[in-house]
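For clarity, chains are labelled A, B and C in written order, and residue numbers in each chain start from 1.
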Amino acid sequence: MTQTSPSVLSARGITKSFGGRAVLRGIDLDAQRGDVVTILGGSGSGKSTFLRCLNLLELPDAGTIEIAGTRAPLAHDRHGKARIANPKALNALRTKTAMVFQNFNLWSHMTVLDNVIAAPVHVHGVPRAQAVDRAHGLLEKVGMAGFAGHWPRQLSGGQQQRVAIARALATDPDLMLFDEPTSALDPERVREVLDLMRALAGEGRTMLIVTHEMAFARDVSSHVVHVRDGVIESMGPPALMFGPDASPVFRAFLSP
Amino acid sequence: MDAELSVPALLGLGADGWGWALMAGAGLTLAVALAAMAIGSMLGAALAAAEASRRVWLVRIAATYGLVMRGVPELLVVLLLYFGAPGMLAGVAGLFGLPAPGSPPAFLTGSLAIGLVSAAYQAEVFRGGMLAVPRGQIEAAMAAGMGPVARLRRVILPQVLHHVLPPLGNIWQFNLKDSALVSITGLAELMRVSLVAAGSTRRPFVFFAAAMVLYLILTSASSALFRMIERRGSRWAGGR
Amino acid sequence: MDFLGTTSLGLLRAVPVTVLLFLASALGASLVAAVLVAMQQARVTQGLARAWIFVFRGTPLLLQIFMVYYGIAALGPIRHGFLWPAFREPLFCAWLAMTCCCSAYIAEVLRGALGAIPVGQIEAALACGMGRWTRLRLIVAPQVLRLALPAYGNELVMMIKSTSLASSITVLDVTGVAQQVIAHSYRTLDVFCLAAAVYLGMTAALTAVLRRIERSLDPLGSAPR
């Protein structure tokens, strides 16, 4: 666990096309420990696809990915089609990351507590009692302390998303991926999730966030990335990106 | 016994072959299933209407009918009608002082039995179909000035059919297969013909295999037909 | 004892045969169905699974039973082979035919349930690094069971009713006994009504058990979203 390099993410030359349509056309992105990177862009810009390429929910057509010292086991067959070279290494990569989805994706047949302890117990082999202890702590942290025995569909969207965040924290990931975590929520529920994410950023969690919440991006992130047509159009610290010297394209995106 | 005939000769259309008999049997199977489907549709629609009515006793009768028919083996229904029909007919005739009319034709009792079962399942389908059209769409049709006929034809039926056709296709498949049960009444449909042929030639494997192929043709051809109708009828639903 | 009393007793004595045939076929068919669904996931075995389902769903069970009992059992290798003691038994033949037939129907039910699992829940399992078996055990299998249960229950009810076809190859199940009694008493209506009541009792009991299981899997007592 002695990590000499503080680099948590290094993605190089990520490309991806669906049925002949290029969605990602070569994206490079780095993140250091403690970075909070928000990825902004219009719909169809490829920002979610990029995020899903990082934990290989989508297989990039080309490029390399390294997360916390683990290289994504990507290979290409004769026709250049991407495939997983080594399923074991794939899961090793995924255990370094955790993902929070737009639609929460809590496992509907498990209670809140079981959702949170599933990965620690069944993927990491943590003793159940220990995982339960930790899960209670995490649920308290996300403000869901009294809900351990509830079922996902008994909860509001905001509550489900907070449980999903506790689930993501349960494995103490090196990198947290947030895929539009507030887009499926009622406006009055957005805040409770954003506040929680703000707190996580304050703790020094390394986070990659695809979002439409501009104020959040400006106030919380260490870097803002603008993706357009499958490439990074501009990036920089929020002070620059939201300041007068930002790229005109990004400024146009901000004020349509 | 004569020298063993070859399989093509057994299944052929020649004097020693059973080809014609098997095909005629398949035709009768189709006829039984069609008759059963028609009986089932009429009774099923009546049952669905009864369940939707406000008369408690009607609702109860329809519900009980469905419960019994879905809980009792089809074979039992076929047997009951086959063995019981002459007695019941004689009883009814006796009430009017008429002589007992003897056994009704096997085709009639057979397709009636399958139809009675089919009705219970079709009633369920129709009941679901009636709920398929959102009330608001009917109101919109009224607001647009459509009369009852136009509403039924332009708004209600297309949507109901879209919901009802796939499960009706399923029930049709069951009718086709259940018609084999009618063989116990001696009706020379496909199952019966293959049994008779198997018995008299002592080549059961050949004839049961032939019957299987014919049943597969009937079931797959009719499911292809249903799919075609479904596709035509519901292009608006954004299906395939 | 009067006629109805003795007949009821005779029919009830045949219930174990019907129940045994049902339970053995349900077990066999469910196992084969699971194998069929697994086969459908791999390209090499997909065709075989599809053909199996096509044949057994496309032909009447009665014909399949005759095929096993008269057709296959008459083939030389079976007749003179080590399997003959099994194929000589009508109950075994009925079980074999029912297992094959119902496995095709159950496989379709399971496949439907497999397709109904929300993609996002699988993705969530992938995202936290669950391997194939963990995913199957923890996420896929429990969801398939829950989603398939209503349709699976319908298949089981159909199976209870289908066991009556075994009477056509001399198995003395409830229907077989009923036919026997009718053959020497000619009291058709009474006997069939009694037999029908016995089947109704069995299907009602099964439905009650299924509903109980459904409720225990779904503790909120409402349908899943």
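Quick note on the criterion: a contact is a pair of C-beta atoms (placed from the backbone, for glycine too) under 8 Å apart; a residue touches a chain by one contact, two chains touch by 3 or more.
Treat the numbers as computed from the prediction; the structure is a model and nothing was measured.
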For chain A and chain B, chains touching each: C
Chain whose mean Cα position lies farthest from chain A: B
Chain pair that, of all pairs, has the most C-beta pairs in contact: B-C
Most centrally placed chain, judged by C-alpha centres: C
Chain centre separation (chain A, chain B; CA means) in Å: 56
Whole-Å gap between the CA centroids of chain A and chain C: 46
Whole-Å gap separating chain B and chain C, where each centre is the average of the chain's CA atoms: 22
Multi-partner residues of chain B (at least 2 other chains): none
Partner chain B, residues of chain C touching it in the complex: 54-55, 57-64, 66-67, 70-72, 74-75, 157, 161-165, 167-168, 175, 178-179, 182, 188-189, 192, 195-196, 199-200, 203-204
For the chain C and chain A complex, residues of the former touching the latter: 118, 120-121, 123-132, 134, 138-139, 142-143, 146, 217, 219-220, 224-225
Complex interface listing, chain A residues touching chain C: 55, 57, 87, 91-95, 97-99, 101, 103-109, 118-119, 122-123, 151, 153-154, 167-168, 171, 177
Chain B - residues contacting chain C, complex: 67-68, 70-76, 79-80, 83-84, 87-88, 173, 177-181, 183-184, 191, 194-195, 198, 202, 204-205, 208-209, 211-212, 215-216, 219-220
